[in-house]
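Since the structure comes first, as structure tokens, the remarks are kept for the end.
Letters are used for the chains, namely A, B, C, D, E, F, G and H, taken in the order the chains are written, and counting of residues starts over at 1 for each.
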């Protein structure tokens, strides 16, 4: 809309209605985004008029409902992460077409079919059953952003046979998200089996010297397998988002 | 080669030369790789008979020369990372066609032209001039692996104008590697300007509360920009390698 | 008042009513503050007979009411920080003219109009919506201490356009307080846009490798922008107080 | 200079030499700084054509001489911090009018008299004799930026009498920089004696549980005296710079 | 069972029903475990058809009951660790023959008598009374795995006489598990009294600088007594399991 | 009592009732404490048949009542530390002569008058009002162990005048216990005012970079005042106990 | 020898030469070890008159030579760990029959043949080539203590095929020592392949977030494979010693 | 001396030579120490005109010689801690009567006989031979301050017999200083054997998870033996100083 303002300004210059000095001054004062710099606010707006992500933690049910309503009016698809069950219930009551994944605390509301935008398949692997909620957050995010997503859960490094039994799925994936707590060794093992990008997600699962996920995080950062990159502890959303960007290239 | 052994075994079975039980036993005993599981040793062998990477730290000049000689005989291209100048000199003396990048301590020896295998361009950005050696390691790795690589150095977040002056290069890149020490804030800012994968590399540049790169590492892991993934402190090689895998999808 | 005691002592010396030795002894024993050393107990008494600040955490509602009553009798203005809602309610019941800001857990009771003592305007900026309570504590403290305060919230570094859209307010401020959690990068970016003092406030907002605000704190201490100083995690009061001292120079 | 380009563009629009669409397009592509956003690169350029600061660590003598030469041609004043003695010697050889402070590793070269730009006096206090180099860096930076600076060294908290003996200087200062290693308690004590801004600088002086300055840093961040803000360990430059910005308000 | 599939494949090869190439291909695709690699999933299955361990934390009562039922049908013995009392109650209701040890939160259900598989006696020592739950988890695990287990509790290093009074038991043990919180010094003292393997278990007992068991853990890792190895904080199960493996040699 | 057994043994040797070899064997087997080694279990038994200390945390009301009953039968004085109010209530119901200090969670039951065993006076100082519970634990412990104890609370280092107003009490003390949270600077200041032993007690009071008392602990360990020694965070009991041992010399 | 003294004492008692009281007193005063308590000083004396271990670090060549000479006179076998090359040279000059392993800085001097005291074979595995010195220290220690030792080096988790190629050696070992730096994941993988005790040795190999071996240490402590116990970073000796104790059971 | 100034002032008041107002003003301005507050600078001046301690680290040989000369002129005894050998040599050259203890880097120069000021004996115990330098610093400090000092070195907790062999010395001491690195367990064991004050000194001896003495420090702070207090890592001087203050009570 403000593009219009610049255009008017230029037209007024052309028509001689305003002087060069005044035009200079007004150009200086224009809000920055009017000039077309592509600064997108990723977490809130993945794509204007297309799909939106809301970080649910720390927002009241009212605040979330307010944002959701605004988006629905625009026909957007909506993903809410880290949404407590009691808040989810209130959203579902008003928007029964929404789906709440209690395990991963993710709510999805699709006002339009999600379009497949990915090149290949994203594979989400978790080391233990306790890591599944984080893995699910990653998988739901990637699906929401238009990717085919496959999941394989409970593949710990101390049971290689389970891991190797899935080697075909592993070999077939375009991007891999590997979720693990405790010692966080799984991404190193998986990273050694493929020549595809691996995004490692440490989880806070464990106790004592696990230090709330720090042990797993350090393990992943020190992975001896090249090609592994890492996101914050329990950040399934970030991994799913990054995998989507990669899969769109 | 051992595939041949399995084939021979099967042929002996077919020809009745060995019994089923014996075949069972020998199958069980075959080295694992014979069965074709694609477990590649990435850091040492990116691609057998194609290109090799040697981690130079902790190896003597003799050891390195030994490995290099073996590879050259196979016509491989060779990348040596973290190579001290005095060791590099000895390699160059014997292989004058090799190039040593003293700043980043990387040696490259191309026995064959590097083939372009990437989809788009990889952009390597550094926050400060002190971060350049790590950035160069990333750039040289990515080039060695067959990518077009662009670099822009010294774009600190406290001088936004420098960053914005390069916004076209930033927008044009397929994958971005952002290298920063001190507070490590640059990947967040860059990540907010693009919807492409950003690999953040913390460096050990800084002092005091920089904790040898831990401050930058934590900053990047907590980035408010989605799509940012992180590698170990000073791990330019890892970032260049991961970016290459992404750019080949 | 005790200045009077010293004066009396000296007069008694002059009049020969007490000897030198006795005077020496009594001088030695005088409470320290009687001699006029300007040691003020800042957190509790910003200015005797003027305004008082109470740190509400760890005090019972009764204790707080007791202190408030004493101050009201002197006609003081009162600021209570970190005051839980249920305690606030009890204060409000007795002093309905007080205002409680639930978000920032601050209670303000103005028995006299707050006098403008600042040179310029203090601008409080927050990176995310979750950082607002801490930002509000800073803003309310600065207003209470006699400053004009402006606030701009939700200016993350990953959305530069929002930040740049407010560049005039930023340029106009005499002192800036920048509040951010997660990677804590905003003070670096803002510090690079102005040549005014910037007080950075890390918040405990974030998770995992955010380490309860340590990541943001380290980021701010390592800021590549000169002129940035830092206070403790979530210490909005401290930032508002320091900004007030600066703005009075 | 690029302001000229915008002006020409507008004139061409006014004269009808280029169309609105083309003008829109070209405006969009203009380098950001042309529009006059005041993004200054503080560490390198405090004020273009006025005075410059060079961070000497990690730069070769040649690089430093190159930068110094360029600045001298513009008649700038120059401050080089963290400059090793052997590099300083080479600068002094070429620019004998420069002064090198070996203790604090700071080199100052004044091509023009430093103009007094400060309101009041900046007082730099150090806790121990070992903290003096950091204190000197702060004092030299503040003087270079146009402030009257007073220093009082070796005022540990375990010897209150020394501290109190200087209470008049302390009371007279407009801004205070307090430098301390070990337990870092001095800023709390000083902060309780004045109602002026106090910038605390932790130093790496100490051993064992001093953790290279972390103990002092934590102590200062947790100061019970309001009005104290903190910079990075050993960051005398940052404290001097921030104090200057405050003293100019 | 899948061994059968390989056998069939070989027989088909022998009978000429399938060609070598096809056989190669199918061999490549067989699930890994079919080839007899001895990868056991230790935590869940100590020994197929023999005894099973379930990590109870993070599993619902339903999930646990489901697993227990499946195992009981196979006649397995079952150990559930870290089982909350309310979940234990539900298991006991259905399987009244199970025993729940509330202190250590361990449930044992023996469908067959536990066979003695150990060479000697395992001695479990705890430093304080608060360490007993972890010590009990170790003792119950070792007994469940077929070992004679002796326990001596409350032998702190600051009361040597208590320790020395038990020196005969200590000398008689084949393997020792020493459980201690706070400074974690007991394993060093015990390790100096015997020439048998000592497994040290730090506990989270303590406060302040105990750092949730980190102090004890570090103490044990730095033990001046050779022959001491360490497990994670509060990991009684891991110690009991490792001691069992040792005692079976 | 077992001394009797050794005596009997020797008498039997003298009377020729048992041989030398047998006597050797039995001597070897005697419980260690029988030989008179003065190993006292300090925390539980300060002095047999005199006074006892129970660490209340982690013990049930039943367990505590059991121990108390045993001691009362011996006429011991009893101190219970870290006792939750609901457990204290149950003890008081049965032993109404006991006194419970809710603030410090200490219960004292004196069956005999406490005898004065100290040389001088122990002074307990706290920095803030929130540190008082820990200070009280120290004071009650020292009184229980037979010392005259004086207390002065709320003497922060940022209000020197309050501290100096009490300089006579400070000078008069034989041993000083200084309790402080946040930056933990008070022991340094007090340590500089006296030439008496100072025991510093860090508390967990504070937030953010206070790290639950670690900042105060580090500050105290790095105190520039010689003569200061330190105990664990919040360990008022330990400080009171150590001060008592010192005061008895 | 002192056993003799007790015997004499008893005989004197029997003969009535000394009274019971005096005997009591003298028994009380006897050095503790005379009573036969089996307190062995493990690091220095594995077995009196048999073999000795010297920790070479921090001892001068003279001190080491002195100890070695004393032991040689007794015919002991000697192991010196962490011995710098220049000191080793001096030992070798005097004792040319000694062998110095420069890589692991271990010196072995066998005055008698080492007797095989182990039940099975100890297998030492290292993850990378840089971990070999620590692995060698473990292997040499275990051999010195009378065990058959096998070694397999350079088996990283990111190259599973190498690991699996050695699965027979792994299955055959009685005790396994697994040495790894960086993420320290190898013990988890190996621990999942065997039901034998695994001793994990973290090494300081790595950089950045490897934190000098802390990442590997945490990874190993959090291993999801039961039966893994851990020793200090780079403590090859400790692992070899513990494995020997286990292998002797 | 300045006491004289106050006295003169009062006399002038009495004689009417100066007015009350002027007297008030001058009193306010008097250096603090004139009023007799006993603030001693402990580390530098233990007792004016009696004995002095110089912290040698970070001072040049010239600076140290300067201070020593000044003190010798006053006839003071002098203790220099942390003095490098080459600096010590220069002091000894000029003052041949001084004694330099190279191991502990302490220099003592006694111009007058040290007077015995202690009540009992101070016992310094070290755990290992590597801890002796720190133990010696403690012992030399305590002797210098007028105490009888006994030392027993190399009493590790893993060799209880050595410890118990010295139980009489331990029982006889009035104050104990226990010096230990690695796991730092010795103070707990010693603390359990006596009812005297124990000062624990952690040393930086150890490696890996010893974290430069942090493990020992944490162990000592968490000691289960009451009556143990702790000083900074390697702070032998501090322990000796504190023990002296205690022994003088």
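The criterion applied here is as follows: a contact is a pair of C-beta atoms (placed from the backbone, for glycine too) under 8 Å apart; a residue touches a chain by one contact, two chains touch by 3 or more.
Note that the structure is a prediction, hence the values are computed from the model and not measured.
Relative to chain C, the most remote chain by averaged C-alpha coordinates is G.
Counting C-beta pairs in contact across A-B and across E-F gives the higher total for A-B. Taking the mean of the C-alpha atoms as each chain's centre, chain A and chain F sit 54 Å apart. In this assembly, the C-alpha centroid of chain C lies 40 Å from the C-alpha centroid of chain H. One finds 59 Å separating the Cα centroids of chain B and chain F. If each chain is reduced to the centroid of its CA atoms, chain B and chain C end up 50 Å from each other. Taken residue by residue, chain C touches two or more other chains at 37, 39-43, 156, 158-160, 164, 167, 191-193, 208-210, 214, 217, 221-222, 224-225, 232-233, whereas all remaining positions touch fewer.
Touching chain pairs in this entry, ordered by label, are A-B, A-C, A-D, A-E, A-G, B-C, B-D, B-E, B-G, C-D, C-F, C-H, D-F, D-H, E-F, E-G, E-H, F-G, F-H, G-H. By the touch rule above, chain G contacts chain A in their complex via residues 127-128, 156-160, 164, 182-185, 188-189, 191-193, 206, 208-211, 214-216, 218-225. Those residues of chain G that touch chain F in the shared complex are 3, 6-7, 10-11, 13-14, 16, 20, 23-24, 27-28, 35-36. Considering their complex, residues 37-43, 53, 119-120, 164, 167, 171, 174-175, 191-197, 199, 217, 221-222, 224-233, 237-239, 241-242, 245-247, 249 of chain F touch chain H. Listed in rising order, the residues of chain G touching chain B in the complex are 129-130, 156, 158-162, 164-165, 167-168, 205, 207-210. The touching residues of chain G, when paired with chain H in their complex, are 29, 31-33, 37, 39-43, 58-59, 202, 204, 212-214, 217, 232-235.
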